[in-house]
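This report refers to the structure that appears directly beneath it.
The letters A, B, C and D name the chains in turn, as written, and every chain counts its residues from 1.
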Amino acid sequence: MSIAAGCDVGSLTSKAVIMENGRIKSVSVMRSGTRPQVSAESVMNDALGRAGLSMRDISFCVATGYGRKNIPFADKSVSEIACHGRGARWLVPSARTVIDIGGQDCKALRLDKKGEIAKFTANDKCASGTGRFLEVMARLLQVSMEELGGMSARAAAPVTMASTCTVWAQSDVVRYINSGCRLSDIGAGINTAMAKRAAILANSVGVENDICMTGGVAKNQGVVKELEKLLGARIKRSKKADPQAAGAIGAALFAAAHIKAGE
Amino acid sequence: MMDFFRKTAAGITNPHVEDWIKRGGRVIGYTCSLIPPEIFHAAGLLPFRLRGIGTTSMETGDAYYGPYVCTFPKCLLQLAGRGDYGFLAGAVVSTGCDSMRRLDECWRKAGRDFPGILPEFFHYFDAPHKTEPHAAAWFEGEIRRLIRAVESFFGADITDEKLKESICVYNKTRRLICELEDLRAAENPVISGEDAFCAILASSAVPPEKFNEHMEHLLDELRSKKATGGGKAKKRLMLAGSINDDPGLMRLIEEAGAAVVADSICFGTRGADRPVDAVTDPVAALGQKYLAGCLCPRMFGEYDRRLNALAEKLTRSGAEGIILQNIRFCDLHGSENSLLEKDLEKNGIPCLKLEREYGPLTDTGRMKMRIEAFVEQIS
Amino acid sequence: MRPEIYEYDFDWMLWRCMEAAGKIADGRQKETRRMLEYIPYFRDTAEVFVNLGKPGITFMKMISRYLENIVCARKQGKKVAMTTFCFSPSVFYAMDIVPVTLEVMTVLATALWKRGTADYMDYCVELGFTETSCSAQRGSLGAYLAGLGAEIDFIVTNTAGVCDTNANAFAFSHKHLNKPFYSLNYPSGLTDEASSRYHREDFRGLVAFLENQTGKRLDQDRLKQVLEETAKQEKIVGEMEELQMIVPNPMPAAYNFIIYGGRFMFAGMPEYTKLVSDMLGVVRKNAEKGVSGLFSGKERIRAFFFYIDHYNMGLSLWDFLDRHGISHLGGILSRSFKDDAPYMKGMEDVAYRIDTADLDSMIDSIAMINSRMPMVRSIRGPYDRPNMWLEDSLMLAEIYRADCLIYNGTPGCRNTWSNVKLMAGDLEKAGYPAHIMSGDAFDERVESWESTSARLEEFFRIRGLL
Amino acid sequence: MIAAGCDIGSLSAKAVILENGGILASAMMPAGTSPPESARAVMDKASEAAGIARESVKNVIATGYGKDLVSFASDVESEIVCHAKGAFWVNPKTRTIIDIGGQDSKVIRLDENGKVVRYFYNDKCASGTGRFLEVMAEALEVDLEDMGALSEQSCNELVISNQCVIFAETEVVSLINDGKHVPDIIAALHRAMAGRVAAMAIGIGVEDEVVMTGGVAKNSGLYSALCGALKKELAPIDGIDPQITGALGAALIAAGRL
């Protein structure tokens, strides 16, 4: 038997996935520390622990994410764009469009029938339209990420945000708070602003059904629902695994493929 | 040989400029691929295309320019404010684009606030944005105006003969650059894109005769290298879009596992392709080359000509994909890149659109990630 | 773009709104107000006009006529030209061409609709426009690029050499819609012989292009009519602008907007003549009574807007001006620089003349009109050159006894954001408090009107104007 | 006669109590999400420090982001005017004020009578504000108060290229990963920020004497970076905590109206 591992060291969270012939044995998601090596080690050990395995049992490990270059135990590194494409395809086999919103940037991928990447684009000129944006705002509102996601549903009159840039939005939020707006209305406004940016990105690569969302923000229901409205299409959710781990899953799948090729 | 070129590309001044000045020569800076250096050369001046490399902060650039403006001309102003352009006897600002043409006002204003940073000779070169006959006539008028201004200020006499001689010198420069391009087309690259870029960049930063001399040596070196089959093959990319004079950008791309085998950018080979007719009336010939031949999106309504030029270069260089980058707030290249992306991908050429800031390349992680993914995509 | 946006034609929808507004305005004041509330996603913009009485209502009707022309052009077998506000439409009317002026359409949609034009702006970005390019075009261009409006036959622009981002928007459309394109292009000089000669030749190039596109020759008599009408209109406007010099300024705040708005839509057409004569009547009355044109009737500050106005939130700017007793003395958009304009006394040589002696001199006349359109005249060259942005602004500020000068533009405006700080500095040196508004005239998302107006108010207070 | 000024800023609330022309007491605390409460709290704190009853304060002028929500204020004044008043009161030679607060930075030019002749804001981007330094302090896991001292230990020049706070933060993180020295990073951050503020100042012209107000003025590292960027020495604003300058100005106005 051959066991594959994928490790995605992102800007905000690190994820590890252990796979055995196409099935997930364990997943781990943790906050990234400042040092990628350390984050990688700990998240991988956690995943191994859950699977009741040790590093020795891993026949091949692919790393991805910003920290992927300095991960000692990785045999190979693949860009997170490729990994998210592959991971999304595993989560939603019919996926032709992938919207990945992570902590550092927001990416839109178009896949061809075979699941190969046909086109991708990423927004990173400015931190608005990234998970980081949501975190900053959540901090301003003094709510958790989960709560922020739920706010859209409870909002009565979502506010409009100067969506152009995180910092502008920041002062907007401060102003709204000071003028006594309902927090849920502000939160909803924030989620909408985020979704709008993502929608522009998705449309610019050309949206084809089915659509799949990956990255941590996929867990923000407010953003997801708003995005569905903007795109006028349903976003396929998957029960198979945590969308935040999609990159790591993709990495693990690459590892598995490598092992297969070896055999 | 490469050292010479790498040193030249590394910072704004270089031994040749310093040497030129030591020997009493005068240097004139200019901004755009629209301005014929031949004119300054014919006047016995050293033409130097203004660069923004080595900018680390923006307090002068941002003090005069507003926000929402391309950082390249801002960097030029910043360096001027820092006194780095003190070695210039004159400068010519062109109407390349709005951000660039406003350098005229910003620099003059800064010159009033910080005495000594504005060259004594300061000229505004007003180029049309199209090529119909009446626009061509305007452009020739501007060339003549520039010639007269240079003549009267520097006490030079720019005869047609001298102009023709200078044209020949620069035609040789152009020819050598094209030869380098052809060498890069070999599937086992004999020179890295970064080095090639450094070499080409020098053509606007040192006396052309010196450049031609060094370039010929380099070409010989490379030819012999080619005989012994150069470096290992990598993904072959072309770079197009906004202006760039920073070899670091090429390094960044090549560190992502690609080889830059061709470009169409300012400071690169853009516009080196066609020689200038050295027999007919030189002013008309320069007009033909620098206006009608201008490959910048500032020439409105001439997209097709640029698309074809690009497509042709792509095939000639055997590039497998193209990176279309634009500096933030550069609408000209930004939207042009999207048109190019659509048309090139129709013909099966993978494209990567990038928006970037011009300035110190310190935080490149996000950009690298995209380029690496692109390289994976085309392999 | 959101799917539901694809449901409606952009210009058709605008037309219906304006129609309705214009019609109900015929009713009595009270019911009018009530009716206004029933227009779908209509803003209080109509208020602004209804409050102006007859001229305001004439203006609304004129707008709906303008939109009707666009929507019905095909049916009437007329050619449709996409163009910019920097271009005088008179030549189009002389050739029976229907202009779609992007910036005008953007302003209308920005002012009329609660949701503004964000969807169309973003659609341009989805097509590959840089999001940093000017919102003035993007706000309506998106609709036409998406095919949600009248089909465009050809594209004519006037801003090459004046404003990249503007000219670039049209060049992009030329490729994207695959329609013929002619771009007038301007040298940095205005009055020197070479420039004038060039203007004439370039414009002749345009006429040839238009004849070619329409398959008709430029009709000399029609052209004469249009130009004579234009001369008449400018005379009336000139008289208003003469009265505008009086303290207190008898001209209602929103009139400048109507003057240039009307000019961009119907220069050379009787509709515009009627409009401005209605307005002149009102201004004259106020002048005789010696009262300010502001609703408050009391003028506290005279402000010259040295760039463009601010159209967000249902034209809140004008309401703001009225509430604070601020007279709007016009801006770069409202002045036409005709030789008999009151502010051109003694500088007729740099103004334009209308000469209808023969076809040639008529074409020269339009060429000169176009070379003095907003932006084209003042921001084509270095701002501190003769007859450019600084001189024009100072000249007008002095003649109109401005207490302060205010800049408003769009972040897309590379051109002015590259030197507006220098402008402000020079204006301050000349003794005028100068304020730079940092919002976007067309895009509320850049800066909320709330903060924009707060900053404005702060400026007036701190600089001791209020 | 007792008057007070209350500056409800984006990050901190400040109050100053004056008694016939002299500072009786001042107070400062982080601003909560509810300006009215912050205002009440900081005023109570100040009156307590002054050892007086709240009622004995005859007139209060409010300023700062939350000024309109200060119920007990008789009137509001813009921060520009308040900082001008405050700084000019402390140092009448003041001609240029550079105020860096939590949400924005401003440059204010005064004439010889302390009247505001020009001013310029930067609130479009947090990169020139106190928030910038706070985020970075967090990323570097150092105390805001120590940043000044730390930057003085810097020995190598680094460059931070990102304007955007959020990205500058990740840039800082990657610098840490590359094993760069924290003091060098902090110095680079100060230079980056000082450059942006200096640009704004040069934009409207800098005239001596130049003083720095707002909480960031307490950051000695930024202070010297700013001197470097402006190529001139800034005049220290003696006697008071620069962070309360705005509240002081408000108090002076309040007193003036009694």
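Assume a contact is a pair of C-beta atoms (placed from the backbone, for glycine too) under 8 Å apart; a residue touches a chain by one contact, two chains touch by 3 or more.
Here the structure is a predicted model, which means the values were calculated and not measured.
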Among the chains, which one keeps its Cα centre farthest from the Cα centre of chain A? C
Just the number, please: Cα centre separation of chain A and chain B in whole Å. 40
Whole-angstrom distance, CA centroid of chain A to CA centroid of chain C, is 46
Quick one: which residues in chain B touch 2 or more of the other chains? 63-64, 67, 328, 355, 365
Touching two or more other chains - residues of chain A: 104, 124, 168, 175
Among all residues of chain C, those touching at least two other chains are 127-128, 421, 425
Line, ring, star, complete or other: which one describes how these chains touch? complete
Chain B to chain C touching residues, read off their complex: 63-70, 95, 97-99, 102, 104-106, 109, 124, 126, 128-130, 132, 134-135, 137-138, 141, 297-298, 300-301, 303, 326, 328-332, 334-335, 337-339, 341-342, 355
In the complex, the residues of chain D that touch chain B are 124-125, 159-163, 167, 170-171, 174, 191-192, 194-196, 198-203, 205, 229
Could you please specify the touching residues of chain B with respect to chain A in the complex? 328, 345, 353, 355, 365-366, 369-370, 372-373, 376-377
Partner chain D, residues of chain C touching it in the complex: 421, 425, 428, 438, 455, 458, 461-463
Considering the complex alone, what residue numbers of chain A touch chain B? 66, 78-82, 104-105, 117, 119-122, 124-125
